[in-house]
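Input: structures, listed below.
Here come two complexes built around chain A, the first alongside chain B, the second alongside chain C.
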Partner chain A sequence: MGLWLATAVYGLVFGAILAIAALGFNLQFGVTNYANFAYGPMLTVAAFMAYVLNVAPLHLEFWLSEVLAVIATAIFSLLIGNYLFTPFFRRRPQLLFGLTVTFSTAIILDSVLVGIWGSYVREMKAPSGALDVHVLGALRLTNLDISSGILAILVFAVTALFLGRTKMGKSMRAMSDNEALAKVCGLRTARITSITWLITGAMAGVAGLADQLYLHSFDPTMGDQLFYLLVAAVIFGGIGSPVGAIVGALVIGLVSQLSVLVVGEAYSTVSIFVVLVLLILARPNGIIRPRTRSVFTTA
Partner chain B sequence: MRTRPFRQRAIGRASGAIAISIALGAAAAACGSNSGSPGASSSGPVNVGVIAGYTGSYVSFSDELLNGAQVAASDINKGGGILGRKVHLIPVNDGLDPVDTVPAVQKMLAVDNVDLEAGLAALDYTAGLPILNKAHMVSVSYIGPDYGNVVMPYHWNIDPSDSELGLAMAYYAFEKGYKRIAVVFDTSQGAQSIAPSVVAAAHKLGLDVVADPYVPENAPAYQTVITKVIKAKPQAVLMQVEPAQAGTFFQQWQSLGAGSLPLIGTDATLDQEFLHAMGAKLAKHLVSIEGINRTSSPYYNTFVSSWGKVTSHPFSYVGGFLYDGVVLAALAMDEAKSTEPTVYYKYIPDITQPGPGKITVYSYAQGLKLIKEGKQIKYSGVTGPLIFNKYHRPTGDYAAYTEQLDKNPVQIGVIPAEKLVGL
Partner chain C sequence: MGAVEFYAVTLGIFFCIDAIQALGFNLQFGVAGIINLAYILLVAVGAYATAVATVPPAPKGGFETYIGGLQLGFPWNLLFGVAVTAVFGCLLGVTALRRLRHDYLALALVALAQGGQIFASSDIHFLDGVTGMTNVTGPFASLSESNFDLAFLALSFGVLVVVYFIMGRLTGSPFGRALRAVRDDEIGVSALGKNTWKLRFAAFVIGAALAGLGGGLTVLYTGGWNPYAWLPTESAILLAAIVVGGRGRNAGAVLGALVIMVGATQASTYLPQIGTAQLLPALQTMIVGIVVLVFLWWRPQGILPERKEKFRPAQSPPVHKVEDKPVASVRADPA
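And then the complex of A and B:
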């Protein structure tokens, strides 16, 4: 029993990091209505920004590097969103074209990262004490694991407050529900979209840095590896539903670890997608029924 | 300090492509040149095609291969060239993609007038080798996986086979007195070409394999796999994990309390990229097994120093394989007094196999001098003695090494080849 409990907690720790990324991706999707395949590489961009700032060549203080990397990723997201995706979507609003441009951007970003930094694995050292271990029976958690969980809860809380209590958050939700109606009501949708790129870029930054520290080392494929799981989490939880993204990510974290005990490590990743397919059969709109105008849903 | 990318890194991502490439390679070989004499001119430079992926994801690895060939060319040219002709390297880019290998090799054979091919690695060899052999072009390569009991008369692989390495790892564990071992390999094709031979040899040696989990590539976390290994209470862990996974895996390995378990790694664990990902603390518990080489060659340090003069890229041991390939082909040409592949290929065994009266040489200059004096030589490379079996793969003793971050490995033991017979 101890092993199962410990395994579940390990799964939740990973799920929490995944949830930050999934939440950002889902929020971006909810407002812009385009699945952004470049979101995975954005996580890697954040990791390399932090690496440049903290490790080489700049050697800035760790926390300053982390904050600057998040800001830089947010600005990068804004630039890509405003000057590449939005003009393209305006001209070619069809789903397939949207997928094409974001997918192409993902490949370009991946190639640029490899071109600049090579395909080698790089280390990003966590601050001192981060890897100190707390032992609770069969469970062994590092400070980093615990911090990842706390960080995720903070991000969820801030996002919930932002979406529920601020004017901009409410505007984003309105736009997510019905963009045409939001426009008629006088909401400045272009501005809302820009802020969405900025905020979700920052969330990609936070998730990328959390994943980078969790992984201990990283390479240019880091974000891509997380991306397919976060997409699964979003579909699992319900496309367009922030709560669904969080729940979906936590479930995927749990399945990824517990499945090792049930079906063995060789099938642990496969089992995530088996569960996903079964869930889609049972609940096509995911665990949490979304209220979005998503082109993917039938709601 | 060495930086050696895993030869296995690329393999797992391309197993599907390999199947296609075998068919493509075979088909292309069937349609390819049958002139029997691709290396044409007897004047001008000796052209050496270096097939690798100079664009795409494997640029760093491919540059290391090319750099090794460049150091060889520099050494040969300094010694007056081959039969008075300078060596000229021609990089041939196939992106290490087997689909692109076929046209790249065919173009090289048709246009570049090469006398030797140096290159091809774990990803593109299935497409390239059949064409080269059909064209009677001598090739020297760095290929880890076993490619079956196929004799390719024009091809020499400078790297020992993965499965033999597995036997040496199991024997080392046995010799150290371990009774209960865990076998922990990632799921890449390269790693999986070693793991079965480790398990089989362990059983023959009477070792108890208490756990042999896969380490799935791209898995989000490994705590459960590691916990299973720890619960099985092994005395030592025989392993290989890709550098991309190693950081996560070993950080979790340590936090779960497995940090003091002795680790016996493959040759790939000597890679500095891997060691950095693993961390200095755990590297102290690691012993890596590799074909006896590097420290055994008196020319090794000169090779390292020549590297720095020829290229600004960081030194990489992987370049040594193509270095040796080019040098031994050059010496065979000198011995044969011909750069014609259909002539000099027969002389490669003459300069690599030991024999009575043969003088062991460690550099091109040494070898050339003795050949000119009419003496018989045995070339021993910077990557090892280069004693080939009938499949043209080097065999011989293995050694155990320890290695610290950013330092050269230290040999701590030898596993004689005869101990592996019958395993």
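And then the complex of A and C:
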């Protein structure tokens, strides 16, 4: 396989991990109407929970720690969302306050992580066999890469079914669309918001753990480094559209890898922003125009 | 000059520089309502631009590599830094500020700051990567060390006074009133015919210029600047300064600079060294974040709230005794 195609595949693998995170972020944004800056640190929290369970101080088996870490992140997201954010959003409903609250929470979470674990880079070992490489020309894919891709597809499929077919999913879409109308229709918005925190926390957990294994090593800024790419993906993909978030993440993943071939490694960050700025100028509503009668649309 | 005086002078210099940055951030965040949580990016642009304007061109084969190297003297290097930051603010203004909705703007700016920091750290040739710019000679370099500090204190205090005066006039002017109106009710203001984008753009660029001024002064005083100086936590500290000191009020911004930026950051140095070396700075940042949340919950207007506008009542018309007038009167009613 040629170098370009192989690089594109690597980009899709990374984009898939990013897409899980972007999907969770987008769902939160849709239901609560606030961008949650603390989502980045949530990814790091998931990584550290897995580390605590698997490496130090506990030594649980790998898959058990991964599952427990996802559950723990989901619960943590629920606690923060329900007991910190929701009261704040109710008391100070202006946008300025909402964003400042999530931003400050992100700062607090980051500093707690650094305070407890320091800013050292730590290693998280994948189970043996994960790094077995399948070679196809220039393409070298590990089992881990393939599993991440399959995991992402699973997450998207489950989310699509959930949002489209289940009552809770439809309620979440209704709330994203028009919260007041949803309340008028009798939906219990507080409960739906809690469920949203739980589910998107789990997504953040999955994405954070996938990223941790993808990078092999991690530090307290892991989530923040993913977060800014996530923001680019969400803006790229369009306001309020989950499909857009996925597509945006895949595109950002592709750009981040392919740009290394084009402009060299140091400038690949810049190229993402150049693409983003051009997009903001050309289509500020994002690439995907939301279709009004699709399973996925929440805006 | 003894150690205590030296410490006080250093604190004074940092207070002046922090107050200038806080005033700029207050203009953007407090008065105009632009949720720029990545203000530190603008400060960094100013610092780097001033550094690049001051140092000689990077020696080939040396261990430092960066662009520029204009070897300008004071005040041209500082003015260059301010100008570059203002231009950068213009670029951000016509792209992100114009096109994006408020929350997307906040997201995009934070992402830009984070990405910019990663880029500055990783690319060696742009601004010397993680090491950053060093050996930036400030003004008064020929003076002795203690005289240098005193002279710089005088310089930064003078700049602060001028900036404070200008900001006061600006926020009290019709421009300032229009900005506050846009912050409170953008749709209403544009319905009245004001160009809300132009107003916010002007506030953004002026705030960016002040950020550049603060960054430039910092680099001229400390002699260097690297990516660790502009972590996202710095934006959080500025945010805390405005939220605690007084949102939308210049005196509040200065007070916030004193309380948070100087007070809180210095107080942590007096605590005993417990735990790892990184525990105390992390604890300090955590407390700054908690303070912001506490103030947002209980006193969002800050210690010094915005002054309510006082309008002089219109001249009341003279009272006519109804009994004196004939029924059909052609006298014009002065009311």
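Heads up, the rule we're going with is that the second predicted complex is superposed on the first by the 288 of 299 C-alpha atoms of A that agree within 3 Å, B and C clash if a C-alpha of one lies under 4 Å from a C-alpha of the other, contacts with A are read in each partner's own complex, and residues count from 1 in each chain.
Keep in mind that, in the parts below, a contact is a pair of C-beta atoms (placed from the backbone, for glycine too) under 8 Å apart; a residue touches a chain by one contact, two chains touch by 3 or more.
Quantities reported herein were computed from a predicted structural model and do not represent experimental measurements.
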Three-chain arrangement built on chain A, chain B and chain C clash or fit: clash
Touching partner for A:Leu131 - first (chain B), second (chain C), both, neither: first
Which superposed partner A:Val243 touches (first chain B, second chain C, both, neither): neither
Partner chain(s) touched by A:Met168 [first = chain B, second = chain C, both, neither]: neither
Partner chain in contact with A:Ala6 - chain B first, chain C second, else both or neither: first
Touching partner for A:Ile195 - first (chain B), second (chain C), both, neither: neither
Which superposed partner A:Phe227 touches (first chain B, second chain C, both, neither): second
First, second, both or neither for A:Ile71, with chain B first and chain C second: neither
Partner chain(s) touched by A:Ser256 [first = chain B, second = chain C, both, neither]: first
Which of chain B and chain C A:Val55 touches, first, second, both or neither: neither
Clash with chain B (superposed arrangement) - responsible stretch of chain C out of 3-11, 21-29, 165-173 or 327-335: 3-11
Intersection of the chain A residues that touch chain B with those that touch chain C: 114, 118-119, 225, 229, 265-266, 269
Chain B residues touching chain A - in the complex, by the definition given at the top: 3, 5, 57-60, 187, 213-216, 218-221, 223-225, 227-228, 231, 243-244, 246-248, 250-251, 254-257, 273, 276-277
Partner chain C, residues of chain A touching it in the complex: 34-35, 37, 88, 91-92, 95-97, 99-101, 103-105, 107-108, 110-112, 114-115, 118-119, 224-225, 227-229, 231-232, 234-235, 239, 265-267, 269-270, 272-273, 276-277, 280-281, 284
Interface residues, chain C side, partner chain A - complex: 29, 33, 35, 37, 95-96, 99-104, 106-108, 110-112, 114-115, 118-119, 122-126, 232-233, 236, 239, 243, 275-276, 278-279, 281-286, 288-290, 292-293, 296-297, 300
Of chain A, residues touching chain B in the complex: 3, 6-7, 10-11, 13-14, 18, 114, 118-121, 123, 131, 133, 138, 140-142, 145, 214-219, 221, 225-226, 229, 253, 256-258, 260-261, 264-266, 268-269
